[in-house]
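Structures incoming, each one as structure tokens.
One chain, subunit A, links the two complexes that follow: it is found with subunit B in the first and with subunit C in the second.
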Partner chain A sequence: MAADVTRDNLEESNGGEEQVITPWEVSAKDGGRIDYDKLILQFGCQKLEESLVKRVERLTGKPAHPFLRRGVFFAHREFDKILDNYEKGQKFYLYTGRGPSSESLHLGHLVPFLFTKYLQDAFKVPLVIQLTDDEKCMWKNITVEESRRLARENAKDIIACGFDVSRTFIFCDFDYVGGNFYQNMIRIAKCVTLNQVRGIFGFTGEDHIGKVSFPAVQAAPSFPTSFPHLFGDSKDVHCLIPCAIDQDPYFRMTRDVAPRIGFHKPALIESLFFPALQGESGKMSASDPNSAIYVTDSPKDIKNKINKYAFSGGGATIEEHRKHGANLEVDVPVKYLSFFLESDEELAKIKEEYGAGRMLTGEVKLRLIDVLGKMVDRHQKARAAVTDEMVDAFMAVRPLPQMFS
Partner chain B sequence: MAADVTRDNLEESNGGEEQVITPWEVSAKDGGRIDYDKLILQFGCQKLEESLVKRVERLTGKPAHPFLRRGVFFAHREFDKILDNYEKGQKFYLYTGRGPSSESLHLGHLVPFLFTKYLQDAFKVPLVIQLTDDEKCMWKNITVEESRRLARENAKDIIACGFDVSRTFIFCDFDYVGGNFYQNMIRIAKCVTLNQVRGIFGFTGEDHIGKVSFPAVQAAPSFPTSFPHLFGDSKDVHCLIPCAIDQDPYFRMTRDVAPRIGFHKPALIESLFFPALQGESGKMSASDPNSAIYVTDSPKDIKNKINKYAFSGGGATIEEHRKHGANLEVDVPVKYLSFFLESDEELAKIKEEYGAGRMLTGEVKLRLIDVLGKMVDRHQKARAAVTDEMVDAFMAVRPLPQMFS
Partner chain C sequence: MAAVSKEALLSRLQGLGINSIVHEHPVVMTVEEQSKHIGHLGTTLSKNLFLKDKKGRLYLVSALATTTVDLKALSQRLGLGKGGLRMAPEDALQEILKVPLGSVTPFALINPSSRSVILLLDHQYQNQPKLLFHPLVNDSTIEISNGDFNLFLKSIDRTPSYVDFEAVVTVGKDQPPDLAGFVTELAEQPSSLDTKQSIASTQNCSIKEVASAKFPNSKLKVPKEKVHIEGEFQKLIRDPQELVNHILDETIKATMEKVKDVTHYTDTSISNEIKSQIGPDLQNLIMLFKNTAYTQGFVAGEQYSLGEDLVSAFASRSSVVRGRSESGRCY
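Coming up: the complex of A and B.
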């Protein structure tokens, strides 16, 4: 559905049927790899250059997150302007979110949250997290009740990422939409025609009217007055949105609308997709449990999934591997380590040794099993410690005790 | 915009281009009179028969309102079922509303409220009144702030109609949409496709997405769980909607959706349009101040407007008039008296004398000036007594002290 229109856009910019990236579909050309450089051109965002990463380190006085150093967050829209303003003492807030479609998150879901937590800690700024239970209720055809329950379950996983309750407001649309937020939804909706959302998102006449107007719901948190308990009626606070690049269409629309209703355009910092175990042709899929490592997986699950499903770029035989080395461009274990191995040195060493054929796939997988096992164990312990009272505290509509300090 | 599609419907049912009735457009064939019998066929509602009026009198132990006795409320959907249930002791609530597009109401605007007040008093039932400030902000392109201000001003005129605060909840969408109400909006929106609203309301690609999803906002108050402070989570309370017949498309859609999401279909009791001073070809128009008597008009305004603009069915000369009498079918003063003159006897007498040419237009107008002058004076006094505190009391989200007694 969404594909047709995105394909049209691609034809315009690339002259052929190629990769399709929308909030609901990610598919690379011929099942191959996603060409992110091309995606930057298609979407019209900017590449996140090394110089910006250095600037972040200088401004925050902290080493950049591995996701920044290693290009996981690889694209942006006016992130440089956010830093300009920050340097001048002007404030911003972070906005990210999740559509609570499944009981438990996979590692790909954690990426924006882990990165957002780093940004929050480094810049000491407030954060709003939108759980679009309304969206999932509409797209996945689950009941309102089930969608709200999933949102609360997902909130626990998000809180387990270590967010600071004194700087973080988490909300579900079904609970929070109303008042100033609803007023901003209407202000936004007034600026976006049916033809425009058909062009951006590919809606058709068979889609229901809730879907058609949902983009205004996802846009509204980009504007500070949607949160009067945080920002009063101030329109001057800028917004920075960390997200995977498939969400870019929503915020392209939002940025187009913003100046027409007196708001700053939200800035974006956008990540690659976390690849499926089977390879990089798409995102992990909640519908195929063997395509992803879940935060609820046991050590045995993790070991089995990686050994059985993680696509290897190694040689077909040991002899071949020793001779030609591994193809790191397609090797999933190396990609996963690039996301989650802490030490830059060890990562470089593994890539070198494995790429040269001196290290075997089995050895790399063993290291990955260890890294993910520890990470998932840490998450499970943190998640088990999240009480309903803590969820209530994060979701309370309240002024935040700490804002910009 | 809306016309095309409604015309399609008409072609199906009537085989020709005829009257166009939508929530935004009312135009009769060739500028002539609206054929309400045909409209009942087009819309698929029922004629409100004399036997139902008698039944209302029997059940309530009160004389029927003149609007009922005289066929101002002339059509319905399952009003008989509401009465069946009422007889068995099953409860219902009333839902009506207004789009606050102008500072002051005209007499046509008062019709549904005066009738709703009668129903509330006669049946002793709770009432919700929706002020669609969001709709007007979107359709009239006024700001959110201005639309909210108008809603509050209009609420004062509505309260001045004499509603019982212990049984009445008035709300503005911009303030009230959220929580259970928003959840019902999404439940409704999921059941209505873009093609369907294009068919019912005639939206086009140039319309903005707020308009496209608005029908779900107007539908939501038809379901009791949109008001948890009144009905808790009970789905068993039936809803009766008094409104002008141009609102029928919204509630046809709502009735289609209701059983699919586990609610009773709302019942409707629908009125004629209150004609413009210039004649019955359409509704009064807020954009032409001389087409209507406003509740803010002075006695002098009323006198001038009626004398100058009220379309007369009288003869062109006194001689002709004495000879042929007045054409009561097109005479606006008689129509206005049919709405607002209290005494059935006097009304019958005027019709007889005027129709026979024994009474002159000037005399009928004089009587109308007196009736409307007193009515508007009474309204203005009542309105002046409505304080901001009273508005707050009606709009407070609270259980109603009196519900079904």
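Coming up: the complex of A and C.
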């Protein structure tokens, strides 16, 4: 397996002082910023070059999503192959997921979903969304009933992002695992040794057996025959997985297994971490309400959180700021605007003026509050309009005849 | 919406047939400073306070400089309890009244953003021949007759509410707060949301939503904001005509705003700007519409396939549906 960077390797090579990126922990070196270029090297994935972005625009006939244009989705594995096949008329499907560990989603959670929605609309392809209620039941130690409830609640937020019901299948592991899906799980599991999962996911002898076989559950949706109602028994459909880069270990394992059981390797397109309000050194955490903007926040909450907690790269005093300008590398409001401000022009202008010290932190924050306020407002309205019946419709095991049209 | 300017205010007054005199002077931040420059007029100056209560409602208290206004007593008389009134924060001054510091004036209510500010006037204004207020800026003062001031208020749909600020009124168990009638209901709270939106949605709330908002102890803890938000989208996606009207309204509104600034844009750039401004939101709305229609079809299909059990299924529809998704595999 190429460049197999496991937890053990990381700690050995640098005495535990390196940045740590695993699916359950993210921290930068010495509390500084995450070095993404190093990460790409360590993990062995590719940088998403400008040329690929242009190619996407050509193939889809519309401007690329801001997340692509601005390097939020910055790394990939074989995304170029997906595009090659797409050009030849071979379609693919999208696979993404969420671990429903808490009722409220924050903006960092929305990022992969917003991007996936763009991919669905731009390429006109189907999407499967896995809600890993079983994973959270095990890792977060909540009851089965609670995790299923959370999964349904999260499904509403996901649907509110605007997915097309005629192309989207949402499923919870507790409902769906079985049949062909389970058959694939076993095929996958047979190809991965205990030592391998220990290395990749850090399992120890004390971890319960549920955890140990979970990786197969998250791997199975990468293979089309797991969804007989969608793809029948065709093994030839490619899969593209948009995710945050900390999910890379799961899918490295899957890519390793795929050819051994006669499937295409799933392709990945990976994003940066959405920075926490307090700064770049970590990612947003559901356990700290002031580290993130939640989709349930009121306009007042958003204003408060941005003004009080958003880490500013501006000068300590107005004089200093006017003289030296702002440090855009660490300024959180500007980073958030890079994610969510639609206009490239306006973003460039703000960066220029703020970087030169002509624009003040307060002004940048005001603009951000406006942008986030609108976004959250739109999401809340859409979410309120999602009914239980709509969730049932998205989750029904049904064919999707229009999924490629 | 941009703040109304002093010039616009003056031309509005002229348009109403009001002859007012504008006295220019250097910038003044207090009544004392102001009186240094125009105290010679012999007319009593006014003091204007912009206040906020704990629930976020805003008040503009305008009284003669010589009248004592006791905020604690006023707060009690309004039914807000003993320390219920504070000076409003500066950002409210900017966002709602749209005047700079030191320029609070009843004339600021000409701004639509201040629609929900409660105006309380000193009852002594009624026997003053002339009144003195800032015309939205504090480098001048308008001298206006009492009658003309009332004309102005009428022109912005306000009826003058006079209060005797110095009256000693006990408020207690058997004596209800005498000014409580001025305090508006929470549902019409000032908010920075689009006013059209909040009006439409409060009218369209379903009975269930209003009921749960009124009974805070009910199990269904509906956060207050939800009462506004839930109505709007549902109404639009249920009815194609409403949806189309909404789309056209948004488009026309966005176009009109751009057209005012005609010098900067060409036809295509206006069109692109408008599309990028309202396009994404409208697309989301349409997707919601589609998903809703699909869902209704799905539900109908399920019931159809139940055949003879249709009657009992109709009665217990939700439990049937939930039952299927819970029991799992349907393949």
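Here is the rule we use: the second predicted complex is superposed on the first by the 390 of 405 C-alpha atoms of A that agree within 3 Å, B and C clash if a C-alpha of one lies under 4 Å from a C-alpha of the other, contacts with A are read in each partner's own complex, and residues count from 1 in each chain.
We take it that a contact is a pair of C-beta atoms (placed from the backbone, for glycine too) under 8 Å apart; a residue touches a chain by one contact, two chains touch by 3 or more.
Note that the coordinates shown come from a computational prediction; the quantities given were computed from them, not determined experimentally.
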Contacts of A:P215 with subunit B and subunit C, given as first, second, both or neither: first
Subunit B versus subunit C as contact partner of A:P228, first or second or both or neither: second
First, second, both or neither for A:A382, with subunit B first and subunit C second: second
Touched partner set for A:D175, first subunit B, second subunit C, both or neither: both
First, second, both or neither for A:D288, with subunit B first and subunit C second: neither
Touched partner set for A:M138, first subunit B, second subunit C, both or neither: first
Partner chain(s) touched by A:I186 [first = subunit B, second = subunit C, both, neither]: first
Which superposed partner A:G205 touches (first subunit B, second subunit C, both, neither): first
Partner chain(s) touched by A:V197 [first = subunit B, second = subunit C, both, neither]: first
On subunit A, positions contacted by subunit B and by subunit C: 174-176, 178-179
Residues of subunit B defined as touching subunit A within the complex: 134, 137-138, 141, 144, 173-179, 182-183, 185-187, 189-195, 197-198, 203-210, 212-213, 215-216
Subunit C - residues contacting subunit A, complex: 192, 225-226, 229-230, 232-234, 237, 276, 280-281, 283-284, 287-288, 290-292, 294-296, 298-299, 318, 321-322, 325-326, 328-331
Touching residues on subunit A, where the partner in the complex is subunit C: 159, 162-166, 174-176, 178-179, 228-229, 298-299, 342-343, 377-378, 380-382, 384-385, 387-390, 392-393, 395-398
